[in-house]
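Encoded as structure tokens, here's the structure I'll be asking about.
Just so it is clear, A, B and C label the chains in written order, and each chain counts residues from 1 on its own.
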Amino acid sequence: MSIETAPKISWWNRLAHPGQFVALTRPLVWPLAALTAVLFAAGLWFAFFNSPADYQMGDTVRIMYVHVPTAWLSQFVYATMAVSALGTLIWRHPMADVSMKSAAPLGAAFTAMALFTGSMWGRPTWGTFWEWDGRMTSTLVLLFIYLGIVALWRAFDDQLRAARVVAIFTLVGAVNIPIIKFSVDWWSTLHQPASVFTPEGPKMPGSILTPLFIMFFAFTFLFLVLQLVAMHTEVRRRRIATLERRMARGSAA
Amino acid sequence: MRGFLAVLWRDLRLALGGSGDVLTIVLFFVITGAITPFAVGPDQALLSRIAPGIVWIAAFLAMLLGLDRLFRPDQEDGTLALYRLADVPLAAVVAAKVIVHWLTAALPLIVASPLLAVLLAMDFPTFARTVVSLLLGTPALAAFGAIGAAVTVTTRRGGLLAPILIAPLCVPVLIFGVGAIAMGGGPDQAGAALLFLAALSLTALALSPFAAALAIDWGEE
Amino acid sequence: MTPRQVHSPISLRARALACGRGDTLLIEGLDLDVEPGAGLLLRGPNGAGKSTLLLSLAGLLPPLGGEVSLFGHDPEDGPALHYCGHRNAVRPRLGVRQTLAFWRDINGPTGLSVDAALERVGLLPIAGLDAGYLSAGQQRRLALARLLVSRRPLWLLDEPTAALDTDGHRLVASLLAQHLEQGGLAVIATHDEIELPALRTLALAARA
């Protein structure tokens, strides 16, 4: 960490300084949080009161407004982590470490939510909480990868060393996820040739699309807000750890 | 090449030279397979139907068991740090270790698999296909395992962590490995699965030494 | 022994070097130069960062700031340095001779032959023994023999005399003297006395 460096000019370098990063992005948190709240309010209003119940699934179709955005985030967060991992490995950007570390539990949470809502939805439509269909299965594997990454972070004491190692593993995972997805699809079609009901049909009325779109943005902004706050927390946690260590050394000497 | 062979011989000698690791792994494999009938019942028809899956799971778990000795002993006695300063590229050292891992933790399982074939009532054609799919698929397990072992080599709980990290990545190997044996999808499906398996193994073998070497270089101290 | 230049003349230079473990800074703003034929003794209390500095010089630990460079070193020649740390990298179930031959293959057979190196460190009589049976001091001698079988100009030694008897101390001093005479350079962290004219001392203070 570069702590005692002279102030630099370019915004990239300013962002590289953890303290500067917090100072620059803190003003963004409240407006973004407010925007997220508005989007959720609008999205939920549409979802509950201003969209039709499905003629087949009834009101349970409304689970989709949570399920689809979280499923999208489960992949978007991994992409964020993979880009941050590149930032760690190639540009050695200190905030990339922090971003990678804060995104992992968020990604795990969104993936778990996608699985939970998926099985809630599966109960009335498929008649079972869990169906080994391709999409559910690869999301489950993705959840395991997220949890593995969280565990890997926790296994290291030295966060700088951890960042580089986790970055490598994140990228290995990123290369593997399409292969896993492909293999799981291949496997599920092999074992159940009868096509299961696909929630995202090609023709969706606009009355469903509007709340879906709003909820989609609401969840994405929710992730952005949570990610920023988690990054600020992580920066502070590291500073506290540094100060504590310095104090311990001071009293020992 | 000289250094690569030196690592290969040294690790082979260490693995085979009276440590009993190989025997432990083979025993684990056989016992895991032999214990399944107690859990699912001794029904011959059922057993022979799920036998390929059992063999694959047993092989997968047994290979995970052997992961910890891939880099950890070398890390503990300082050899790994010296590899990083060696004339031989670290990736070549890792490649040699992956090969030794396969030779001492996968090949013995395949040799022992007839035992499980008898216990689990496999017919001969299924057994033959199982051996082929194990031969083609276990190199990928060894390669992924090397990545898992490399990223956890400096952590204290690495021995527990590596299998958890690696298991999700190995899902395609299991799917295509068992898919190559199963008759459900017809002969061309099984052939495709074998090809996928071979492709996975080749790609993983080619790329994993570099990823593992990077992880060691940046994670070790 | 007559002075002869065996090593291509390279020099070690560090500028504004900052190193530490994790984000704990141990050494800051360190400049050092070691010229061919010269050695540097690192001294300082425990925790002053001697081992960390050696690891950073070896490139095993990324420095937190500043830079380390080797002047006159052609990367084509392969690695320019030997690092000899606390851990001896000696494994039971491999013979003494096997162990050394292994390192000769790994690092390149550019130095003494295996038996000549074992003779030099006094292990030749037990060359056939399992390395697991060696005492701590003998293991350390085997680790030192590794420096002799592959010729590299820069030696980074961390407590080379640890676990060695007085005879072993003399051995370290004579190996170092020979290495420096041949145009090599060395950085040694130690608490023991090593009397050589070509050695300078760098004292590292404990950081509060």
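Quick notes
The definition used in the following text is that a contact is a pair of C-beta atoms (placed from the backbone, for glycine too) under 8 Å apart; a residue touches a chain by one contact, two chains touch by 3 or more.
Since the model is a prediction, treat every value here as computed from it, not as a measurement.
If each chain is drawn as a node and touching chains are joined, the picture has every node linked to every other. When each chain is reduced to the average of its Cα atoms, C sits farthest from chain B. Chain closest to the overall centre, judged by the mean of its C-alpha atoms against the mean of all protein C-alpha atoms: B. Just count the C-beta contacts per chain pair and the biggest one is A-B.
Measuring from the averaged C-alpha position of chain B to that of chain C gives a distance of 38 Å. With centres defined as mean CA coordinates, chain C is found 47 Å away from chain A. If each chain is reduced to the centroid of its CA atoms, chain A and chain B end up 31 Å from each other.
Multi-chain contact residues of chain A, defined as those touching 2 or more other chains: 161. Within chain C, the positions touching two or more other chains are listed as 21. Multi-chain contact residues of chain B (touching two or more other chains): 221.
Listed in rising order, the residues of chain C touching chain A in the complex are 21-24, 64-65, 206-208.
By the touch criterion given at the top, residues 1-2, 157-161, 238, 241-242, 245, 249-250, 253 of chain A touch chain C in their complex.
Looking at the complex, you find that chain B touches chain C at residues 2-3, 5-7, 10, 13-14, 17-19, 73, 76-79, 81-88, 220-221.
Chain contact summary for the complex, chain C toward chain B: residues 21, 55, 58-61, 78-79, 81-83, 85-91, 93-94, 98, 102-103, 105-108, 146, 150.
Listing the residues of chain B that touch chain A in their complex gives 147, 151-152, 154-158, 161, 164-165, 167-169, 171-172, 175-176, 179, 182, 184-185, 189, 193, 196, 200, 207, 211, 214-215, 218-219, 221.
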